[in-house]
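Structures follow.
Two complexes are shown next, each including chain A; its partner changes from chain B in the first to chain C in the second.
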Partner chain A sequence: MAANPPVETGERPSGWLDQRTRLGPVIRASLHVRIPMSARTYYFGGIALFLFGIQVVTGTLLALYYKPTPEAAYESVQFITSDVSFGWLIRSMHHWAANLMVLFVGLHLVRVFMQAAYKYPRELTWVLGCLLLLVTLGFGFTGYLLPWDQRAYWATVVGTEIAGGVPIVGETLLLLLRGGPDVTGDTMSRFFGIHVLVLPLMLAGLLAAHLLLVHQLGLANPRRPEPRVATPESRQERLRPFFPHYLIDELVAWYVILAILVVLASLFPVGLEGPANPLETPAHTKPEWYYLGVFELLKLVPIKVVGIMIPVVGIGLLVVWPFLDRSPEVLIRRRKVVVGGATLVIIALLALTVLGFVS
Partner chain B sequence: MHQHVTARRRALRLGAILALAGGAWFALAFSASAESPSPSADAAGSPSPSASAPTVPTPGPSDTGWMFETPAPIDQVPLATAPPLPPLVVHPDGAGVNGCYDCHSAVNNKQAAITAEWESSAHGQAAVTCAACHGGDPGTDQIGKAMDRAIGYIGAPGRMETVGLCGSCHANVARMRTSGLPTDQYAQYWSSVHGQLLVTENDTRVAVCTDCHGAHDVRKVSDPKSKVFATNVPALCASCHSDARRMEPYGIPTDQLDVYSASVHGVALLENNDTRAPSCTSCHGSHDAQPPTSTNVVEVCGQCHTATQELYEQSRHSELKAAAPKCWTCHGTHDVSKASSALFFHPETPDYTCTTCHDLTTHTLRLELSRFENEADRRCDSCHHPDSQIYAQIEGISDAVVSAEAAYEEADQTIQEAARLGMITADAEVALMGAKTSLIQAQAAVHTTSLTKIAALSTDAKTKSEAAMALATAKVDENVFRRQAMIIVLAFILLSVAFLVITKRRLDRELEEG
Partner chain C sequence: MDSEVGTGPLTEGGGPIAEGGGARTRRSFLRWLGGLTIVSTAAMILTPIVGFLIPTSGSRAAGGGKILVGTTAEIPAGAGKVVAMGSKPAIVVSTDQGVNAFSAICTHLGCVVNWNDMIGAIHCPCHDGRFNPTTGAVMSGPPPAPLAPITVSVEGDQIFLTEA
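For the complex of A and B:
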């Protein structure tokens, strides 16, 4: 049986690997794109991608020693942190990278919103980005339980309790999350499975689609709307190569983030509270900082259902926003209502988070 | 034959012992009955309550110093007989109607408040109606019939009658069986200082049931709103015992609440809400309230401090009997402070005279309690002279305990330092817990006064503390290494960034030119 003849692409395979994979054109098409000189990404998206890479590497190393059962989880985390060579570094990097990832995905979303980069033709890129944010938050939520210490256990009890307050589906959602009426070993099993299998696959798929769309559509110009039909003006846009010019900038940003991670992991290594004890409720149970705003909102709003529905509806609005905001304007000064409203929401969220910290 | 003689001798000895014991018992009983005030005689004599001082002695330090040999301990003073238990209050069955409640809740605000109090009380919850205490007919709405004394209406019972009225139910085993409450409070009350003053002196100023439990608002002891809930007890007792005017006839000090509140017990109960901590009733009793005497104070403290009591009873101190230093000699009474190695010696050697510890007339040891009123004077060298052999032994005990405490403290500080640096210190903490157990044992062993025992336990505590210290020090050193490694990694990152920036500038130039 003869091998298929090489497809005629007009380009001859140059190197040894290229001859055997014929991926040269794909790689060249991915790297050798040009982006507008005026594009300002502040590297937020790239940093989030880098942090995801860190999570994959450190998470894999942690999984080599971690034991996902209530009897063994706590001691295995203690073993990783105290006895495994550089285990403390791996665990601390995983912890801090997770926090920074949530932060930078959030900053990326705010940047895209403020620059109106969600508008035509990037609506689907935005929707995929929102889903990536939810998956990232899901990573944080499921990963938080895994050390099985007091903080992890009770934060999960509170978190799942909030999910249980969602109207109509709340009770089912609570049972689905916990694997029963209480947070037990069943909860840990499914959180571990979701954390290391379901969410990484989801994130990889969504991320691939997100990056593919970014590649195909290019970076948005923050100064003018994307024309539906290419105009001479748009063809005269000053461009620069993605590789290596833009990528070097990204690399510098990644190095800076790596330095921050090393400092955080060295000076503020992640600790471990006492083993989870379902019979001993700590005095002040609080979720992670990125859930504190919602947590505080729930405390302030007297009607629980309303408190829960505000963020649920907010996230729903965020996802479909490009289909609601049909105006082609991209400049902030011409989108005062939208930008002002978003700023107010951000300030409120920050204020609630600060309140959650101090209360 | 020989065995038969031996048996006879034993029988004779036993008979002699029994005869002596019987004689002693008869003499004691005769003397007791001669001293015991008869309730009927009291009633006839009827001394004025306001002028009379209590006949029950109140032990405690006095200005002149209390020689242990003199007064009879309170638990050996014969008690006056308790009045007979009255029968249950008889009243017609209301057949499910509580006419008293129906009228009184609508009369005026004061009466409405009383009925509301009753409704939320333990009695209200248990359907013990008004007529159970006040008599009368709850089944009618006719005031004259409902409150007719001819059918047994009592009205508001006097203070003298209250104890019997409460006791008629609460000492009735059949009545209390379903509620699961004890039935000995009535008997206990009459054995208390309060009950004895009431029965012997007709002194109605003393506490009766309703003063502590309330009248209409009686709540369960486990109810935090109850006046007799553990954390509320000190304030309840102080409502009378801190009242200088009220306590004046009895010659009792009135600063106990203030002193107690500042003590370890008071802080634990009142500030930390730790209901395991003792309140007034834990030491004095509740229904059988009496001041503990010097002879039974070890048993009173030992109710909670069981292990310490056992250690004390192994000590030379406990062998001294009457002149023995007791718990309160070193720790105080209401003002119990946290025990520490400061209890060994005065900062400056105190002045001693022969009579400090010795009774020159009887040539026996004596303990003058007034010398220990001040917390700063509760020290070993208050009794033991620096030139004595025992003083050197105390120095040995002190050195052993203090060095073990110092080793423990140092290890604890280092663990905290490691934890502050973000290190996981679980293994060091476990090791320190072992050291703490040994240290507590060494500190508690001070009550045995055995240098050998204390030194062995102190050495064990010190060794374990040093092991914990070694683990904690390794954590701190590890953290130093991490910080040094961090600087090297940051230097590499900086170099890489510098290389990238230079490369980027070259590329930008080429882009501009090309």
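For the complex of A and C:
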């Protein structure tokens, strides 16, 4: 194939690499964008992205020693933790980064919701973000089983049983998740494959699309709605450069998170319970904190299917929310019903989680 | 390629028709054919993938036969014990009315129940569900159904469970 001749842009490739890739304009177009002065992201999304990077690195390292069979998994995790140099640190960082990633994806979602940044023209960015949240939760769920200890095993039994309780598709879903009627080595093979191949590819694709839309549409202004037709007022919006101003702030936030991560991993290294025993559910079995609300809900709601369908419908509503909330208002004081409702949902979720901890 | 493709509305025979005539044009036919190709290709790819993902049947242990699970000395009156029945857990409970056995899988979320001396009942550690030791019926908590009974027989001092 004949190479494309250099485009006459008046801009000459500046360096050795640029001459051979001609990516200079693409990189410049990605970096040199301007964002509204009033935009407040609190760096939640960027931190979630950084934590995903941590997970890719630590997860790849763990996979070099981990053996995904019921006979060998537990011992291989013990070996990583006790014998491999820095094994405890890598494993603990993977654990804590997973928890923080769920937290920051959640905080990012709340921030975007409260600032009404899901409204026109960013509806699809929101939908992609919700899918990213689900993939993140999927990472937590599938990764949890892999140490094959009591906590891992029973959290998976309960989690898949909840999926099995979904009307109509539940039974098939349970079989597909477990690879059979029970949680066995077949389940572990599936979860490992999903955790290290399917979900990372899905997340990378969704993330690329999400970031592309963020780049194309820019950050939302939390003070006024995006005009459908540019107005003189919107053209006078005060802006600041993304690079280097915003990016440096973001990098500082990443360093802070890295420090927190190392401290958490060092002070609270992740442990390991006894090996999985399918004949004995340990007392006070509980899932990871981000599933604790649903777990507690299932205790309180007398009809099981209702308890299962509440979060399912809730997530469905969350995904399509920008298409239901058609009002252009972005200010919190003018969205009292929506913001009040969302606050109540958050309080209820927190209350259920706390109740799950103490019960 | 046919240079006429997409140049204007044509009848099914290929001849031109008036704009907005409603007859199928060559372009709409090709579009339909393209759609059919995409759908059939997707079905061709997805069918083996979905088939591959559905677990093969026969994973459950074959039923039938009596299994020795313990002795009356191990499970005296007022006590209970979780035992393995093939790959499944069962709970054997000894009461004043005799020895009973149930599936030990809680009907709520699949946790394994155990015998609780303090409350004198079968107890689920996940959501505090409680079951009657004689009938397996739900006494309290969120379980939606009683524990499934298992046929139990005592021969001498030996306790046997019979797989369905």
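What we mean here is this: the second predicted complex is superposed on the first by the 351 of 359 C-alpha atoms of A that agree within 3 Å, B and C clash if a C-alpha of one lies under 4 Å from a C-alpha of the other, contacts with A are read in each partner's own complex, and residues count from 1 in each chain.
Throughout what follows, a residue touches a chain if its C-beta (ideal position, glycine included) is under 8 Å from a C-beta of that chain, and two chains touch if they have at least 3 such contacts.
Since the model is a prediction, treat every value here as computed from it, not as a measurement.
Undergrad: Put the two structures on top of each other at chain A: do chain B and chain C fit, or clash?
TA: clash
Undergrad: Which partner chains sit in contact with A:G179 here, chain B, chain C, both or neither? Use first/second/both/neither.
TA: In the superposition, A:G179 touches chain C alone.
Undergrad: Under the stated touch criterion, which partner chain does A:E161 make contact with: chain B (first), chain C (second), both, or neither?
TA: After superposition on chain A, A:E161 lies in contact with chain C alone.
Undergrad: Taking the superposition as given, does A:A259 touch the first partner, chain B, the second, chain C, both, or neither?
TA: Touch status of A:A259: first partner only.
Undergrad: Is A:H284 contacted by the first partner chain B, the second partner chain C, both or neither?
TA: second
Undergrad: Quick one: classify A:F268 as touching chain B (first), chain C (second), both or neither.
TA: Touch partner of A:F268: chain B, not chain C.
Undergrad: Within the complex, which stretch of chain A touches chain C?
TA: Its residues touching chain C are 154, 157-158, 160-162, 172, 175-176, 178-182, 184, 186, 278-285, 298-304, 307.
Undergrad: Using the touch rule from the top, collect the residues of chain B that touch chain A in their complex.
TA: It is residues 419, 422-424, 426-427, 482-483, 485-486, 489-490, 493-494, 496-497, 500-501, 503-504, 507-508, 511 of chain B that touch chain A.
Undergrad: Name, in rising order, each residue of chain C that touches chain A in their complex.
TA: Checking each residue of chain C against chain A gives 53-55, 59-60, 82-84, 87, 89, 104, 108-114, 124-128, 141-142, 144.
Undergrad: Going by the contact rule set out above, which residues of chain A touch chain B in the complex?
TA: 78, 81-82, 88-89, 240-241, 244-245, 248-249, 251-252, 255-256, 258-259, 262-263, 266-272
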